[in-house]
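As written, the chains take the letters A, B and C, and residue 1 is the first residue of each chain.
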């Protein structure tokens, strides 16, 4: 598809103050450092400010503070929130340049007669849809998808190729699930008995709100008794594990490789950094930020930023500090003894 | 399917002392806090004791210690181990309410003529079974499953949709493998040579005992030379990585996001918490408990509980402590100097 | 296939000094401890030296330093680098004993007429190849593979069963991707706006060099604007997450469960241990070694070994040290006070 547009068309569509030739043609959205004269780039992260002056971009999207710096090198679109402008530009760009999936059910798909599939939904090759499933208007189920018994997908929801929805999983509208994700698998529940583990069948479901995104190869387990609940607008990155009966409030974002143990409750508008672990049964308030690799071992009742991460160092320094750390309690006792003697 | 049963039927089937109307109808197994009069709930974790008095459950399964508290609010089943009772109730419930997979090979499946498939096994849509594979009585291979050359699945073993068994992988009886798991992929083995990596083909296999459960998107690598061995009754959660030539003893449970590096040996009846990492070549005794997020960097010769986790805090406190930690060795030297002067 | 060979054939093929009967038949490559007289084993890791004397192996591959110890127990092949010798032996063994995938497109595969597939490529059952994809000579796409629009696979590259390549992903020659890997999924990019997250469509691609191996269920995200780049000879283990716009230099090896956040740049010939996390936007020099479970929170400008890991201990000791650690800053202040008083 023809991706090329003019700066004038971009500004007409997305707004902002365009300073430059409206007729300049743009054929790519790209990063500052490798941009060509037909690329539009943006500056939002101050980390990249130093790349601005030398960028060959045909146009740069900037905040008012960078107006002069941007113009010193060429055309600019000035807008209060360049990152948001960039987000909308990428959406428009993707819609213009990517082929839409063909509506209808692929000849190879196996769809149970007792499933309901909207006429304009797109069901890909080798998809399986089981009885009682409901697939809404404009839904896309990518190739190799599995939609189990009694699942429900709201209007406009998309599954990338090879997504598993185990039985009774429900997704709201406009969700996007990336390849390899597994929703509704069994939670990890076993009762100990005489040195063995007795399976607790997981009788609950996974229920997901609207506008949720779930990353590649992430897992969301069904509830044991009661459901696992993901609120509206939640964004979940790749390789994230969400245990049974977890509840996540609306618009919380969870970065990659996070593990959330069973029955944890996480508030709305939280941000959970990459590699974070959250213990089972803890409760986390709204608007909590947890920085990367922190292990949350108790509840957090108050909005704020929380951290816990062993600082890294060159190996020799680390070894010395770690050795001291192993005897930290003894060191405290020695300080106490010194204080006693001195007083 | 009709899920409703009476309390009398439950007690007749599973035992326990029923105190209440035998004719009360129950149509759901659920948590205490959201239970309705037609729900049966249980109390095992003391964390939830405070939910007992206010629960609207039609019946609560409790230990003798909670008999009076439970009766103060309605019907109860009293049993020495409510969690185990609950486990068996969920099993019965699932068997009653979930449709059994149809026996036989789905028309779309590709089964090599040189594979052996039991007559009552269920082979789902788009499954591939390669030559030499052996699929036992009552086995279920969910849709999109891949059963490679010379794999073997013992009687009653079930694979959820989309499970990969690479060639020569063997599973015992009554195992359950969740969606997305990969068993028998190559271990990570490369010999360095002149700044490059030379592939070590992984010539061993994965061999799994009876009654093993493996979580969604978990990976168990085949051995390099010799096999990767998972003992009877082992339970493995989601997104767990088990390297080549690892050996895991019977009835050990491994929570989500654990990584076990190659050639580690783990005893029987161990419990490995979520996010734990275990170094290659270490050996861990029977009945070792490792709490969440601990990194096991050396062997553990004795049963017990082991931990190692940087405590989290609000970000400001963490930053101060982390900064001091970076110079912990120097702090010890200063204490030593003080001691010397003082003596 | 007949796997049995003589020691003479091995030495003729792979070199080394064979000391023993050339006619001894070998039918397995295995570990020292469980070897039988028809097994060939090797000794490279000094950890296993103690297994040498008692090994029943028909032949042991050793370095010159172990020549006498090896001969004291039977036949040996002496070579300067036993691990490399073993690697080449496994490659030869695998080529001799494993059936090659049949060339051609399986009858069940769905290949778009606008895709280019080399005549000798092997396309497995239920594979989907979309328009514009290019599949080179000798390529193997395992069962259930998805090769999206405009993807490109260089000669000799192999995908295990069930690999997802999202649109525009390119792999060089002789790559190997294990089951469940997802390449080219969307990076995690959202612009905050009024308490919600606005999707940033990921317009870049994933571009992978030659001789790259990618482990089971690992994920490599496509770039936001600009591409995610994996250099030649890079080896990536299972369950690894690589964010958008990451760049990894040639011949770097990455162990299991690693998470690399977006826009990180990693040099060539690095070794990243299992469970490591790397922050977004950091830059890591060539030949950096990061030991397991370290969280890399800032750039590393110099080759060397880097670590950061809370040492584990029995739970009681850990609790005491962790409690002290929570007040480490206060302990430093107390030492400072003591020093002041004493001086």
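The rule is simple: contacts are C-beta pairs under 8 Å (C-beta built on N, C-alpha and C of every residue); 3 or more make two chains touch, one makes a residue touch a chain.
Fair warning: this is a prediction, and the values are worked out from it, not measured in the lab.
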{"item": "Interface sides of subunit B and subunit C: same vs different residues, half threshold", "value": "different"}
{"item": "Between subunit A and its twin subunit C, rotation from the CA superposition, multiple of 5 degrees", "value": "120"}
{"item": "Whole-Å separation of chain centres (CA-atom averages), subunit B against subunit C", "value": "25"}
{"item": "Sites on subunit C at which at least two other chains make contact", "value": "108, 126, 144, 162, 180, 217, 239, 257, 309-311, 313, 325, 328, 331, 335, 338, 342"}
{"item": "Complex interface listing, subunit B residues touching subunit A", "value": "28-31, 34, 41, 45, 47, 81, 83-84, 86-88, 90-91, 93-94, 98-99, 106, 108, 124-126, 142-144, 160-162, 176, 178-180, 211, 213, 215-217, 233, 235, 237-239, 251, 253, 255-257, 269, 274-275, 292-293, 309-315, 318-319, 322, 325-329, 331-332, 335, 338-339, 342"}
{"item": "Complex contact set, residues of subunit B against subunit C", "value": "108, 110, 126, 128, 144, 146, 148-149, 162, 164, 166-167, 180, 182, 185-186, 188-193, 195-203, 217, 219, 221, 224-226, 239, 241, 243, 245, 257, 259, 261, 277, 279, 281, 290-291, 294-297, 304-311, 313, 317, 320-321, 323-325, 328, 331, 334-335, 338, 341-342"}
